[in-house]
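Next up: some structures, all given as structure tokens.
The same chain A turns up in both complexes below, where it pairs with chain B and then with chain C.
Up next is the complex of A and B:
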């Protein structure tokens, strides 16, 4: 039976399951971006309870394993009587985890905007949201893009953890193929190469963007 | 919602938790110690080594930083025996953590080495320090001081990542949690407490790094 699955079949099946790695990555990146933006606004709002709450949120999600976050979503959402599929638990956990990191990365970018910009815009009687929208964010976004692209690599790698709660992406497909073929060396080499093929271009792109910013500053 | 939280019988499993915490701590201390050592060697090779060595270290760093830790772990534990290399689960976990952290810390420490002002090295030469004395006292230790916060964060990430080692049945904290949950079926309570323990470990590890930074490296 095991001889039915050849090297080509292994490769093809892994490639097909890589779609789910990409789907989960995009979900987490977009969801994490939206939630991260909300956290960023709360974090920089200057309203004490909001600031404390976001600090707690970031500390919680940066100070605990992503695997535990997925377990808690998996079993926690079930407590509300929901039948939780693995993709939902993985998607929600990855979204919140990404949001915590992105909010912190972006806060660094907002902090990097000179204080005079805040003062000047508030002397023009702009409200907090107007200051953010017209003065701070347009400048912060420029320096935020390279580290954001860099973090997307972490999200791609984070999706591999979803295999543990049973989401069939690249890693889980690798485990299943190993069990069927008893060729772990080949299978996990291919899994690693496919992750590398997803992550490396993003890493190179992030480095390229970073170089561009530093280059333009040198002039 | 009709569900009653019950943390009461978890106290009866405290020894299982403690054993798990112990192995997580051992993995972290050994993994970080060796990982940072690999990072120092890698950074020095990449900064000052011959071309071929720089290429090898560069490839290693890129390969490790662009693949998930869990895949590296599975490759070492499940893949290598096919090539005749059989490893115990704790050994495999430590090796995976070391090569993973080694790659990240190579990049972090190299940034520190690269930011050493040239005048510092020239001043060391003027004082007739040997090459290894200059590397140690003038280049390495000030570089470590500069990048210590980044290195600490990376070590915390590696400690949290070690949760995945439960998948190769290394009996660390997550393995203990899985074991208890399979006994008392109180999944949410067990993972909730385990999450809090990890949070405590992360905060504790950060403090340890702060103390090492202050008293060993003399950072502020």
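Up next is the complex of A and C:
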């Protein structure tokens, strides 16, 4: 019988499913990072249609619940006859959601670079992309690392929502194990503990990086 | 034939007109010193010469390049000819002194790194900082940073160098080392347009003095004459207030 599943089995099964939480997090972080970088470039380019389009993108994904984004990706595309598997819908939705937030976080870091850096590099005949690559981004990246690592915690927790569309990660595995064992308190405690074990080191690392950067500020 | 032609330049921020028809010619090899109160439009005028400020009417021509429409290509062509040194130095803090100087030749002029390195060394030597090639800006004094900034502008072999109050952010004891570099440049025949509060320096090194007041060139001429015999009460008052 299913109810013969012991505590150790629960733990082991949850641990195995946590792999998919990690895979989904990495997918969203890397994919979101790449898309977010493109959005950032478009957002700060000063080219009107690009600025408006990226503004709209950011507003849309920051202004609606991640859950709705996943539903729309999963069920919405199915209406058009596209069979989207849960992992793909979850991956794409989390990637776009992460991109919207990362682009805004990074834009704040780009904005924090003094105007004089833009003017000096402009007066040296550098183009916009050359300025970004050689002058602005190297400085912005330094201050962007702590909030970026901090945001990765939000991505880890965001993956839990993928359970709703049937993607078997940590949370969904927890639900399935609860249904089989009728021990929700134990199961969800373990689920929470595993999320915490993933998130806490990231938070600590982000705080450590922040301290390092503020400590080395010479001006 | 003048190197820089500015004609009837007008610029407004909203309804506030900061340049009300400025005309100026800069001869090759000459040093033009621009003085005036803060808010007189002197820095704005200087910044229009390399396209850091747009303007609504008038024209600017530098060595045959017209600033028209502020297209990216036109601005780039212009900025290859015009160097600029800022009040706040604006060195790139993540790059060493040498890399600061090398960056634009390598990136904007597509010069091989080795060639750019030779030029950067020569330019740093020119400003007396050959031994600081590998130093980061944060480890340099204000005067040294400003000299690196001058070397950085010179590495692009500009036709004209704009200096925007380049000693105003410096401690008094560091002003002279920067002025000495500028004096050398002037002696070598570099064309300079400098907004400055260093009246003695303007008088000594300048070939042409421009006094700006309320967005206009109020008075101009040979520095010694303009300083000694101001024709307008505004300049007399300004010169008096400075030397008092």
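Definition applied: the second predicted complex is superposed on the first by the 212 of 219 C-alpha atoms of A that agree within 3 Å, B and C clash if a C-alpha of one lies under 4 Å from a C-alpha of the other, contacts with A are read in each partner's own complex, and residues count from 1 in each chain.
Going forward, contacts are C-beta pairs under 8 Å (C-beta built on N, C-alpha and C of every residue); 3 or more make two chains touch, one makes a residue touch a chain.
Remember, predicted model here, so these are calculated numbers, not experimental data.
S.K.: Using the overlay on chain A, decide if chain B and chain C clash or can fit next to each other.
M.R.: fit
S.K.: Applying the touch criterion given at the start, work out whether A:199 contacts chain B, chain C, both or neither, answering first, second, both or neither.
M.R.: The answer is first: A:199 touches chain B but not chain C.
S.K.: After the superposition on chain A, what angle is formed at the C-alpha centre of chain A by the C-alpha centres of chain B and chain C, rounded to the nearest 10 degrees?
M.R.: 100
S.K.: With the two complexes superposed on chain A, say which partner A:125 touches: chain B (first), chain C (second), both, or neither.
M.R.: So A:125 only meets chain C here.
S.K.: Touching A:135 in the superposition: chain B (first), chain C (second), both, neither?
M.R.: The answer is second: A:135 touches chain C but not chain B.
S.K.: Just to be sure I read the superposition right, which of the two partners does A:116 touch: chain B = first, chain C = second, or both, or neither?
M.R.: So A:116 only meets chain C here.
S.K.: Please name the chain, chain B or chain C, that touches the greater number of residues in chain A.
M.R.: B
S.K.: For the superposed model, what is the least distance in angstrom between any CA atom of chain B and any CA atom of chain C?
M.R.: Comparing every C-alpha of chain B with every C-alpha of chain C, the smallest gap is 24 Å.
S.K.: Can you tell me which positions in chain C touch chain A when the two form their complex?
M.R.: On the chain C side, the touching residues are 50-52, 72, 75-76, 79-80, 82-84, 86, 88, 90-94, 103-104, 107-109, 138, 149, 152-153, 156.
S.K.: In the complex, go through chain A and note every residue touching chain B.
M.R.: 59-60, 63-69, 71-72, 75-76, 78-81, 153, 156-158, 160-161, 163-164, 171, 174-175, 178, 183-185, 187-189, 191-192, 195-196, 199-200, 203
S.K.: Could you list, by residue number, the parts of chain A that touch chain C in their complex?
M.R.: Residues of chain A touching chain C: 114, 116-117, 119-128, 130, 134-135, 138-139, 142, 218-219.
S.K.: Which residues, counting only chain B, touch chain A once they are in their complex?
M.R.: Going by the criterion above, the answer is residues 1, 3, 62-63, 65-72, 74-75, 78-83, 156, 160-161, 163-164, 167, 174, 177, 187-188, 191-192, 194-195, 198-199, 202-203.
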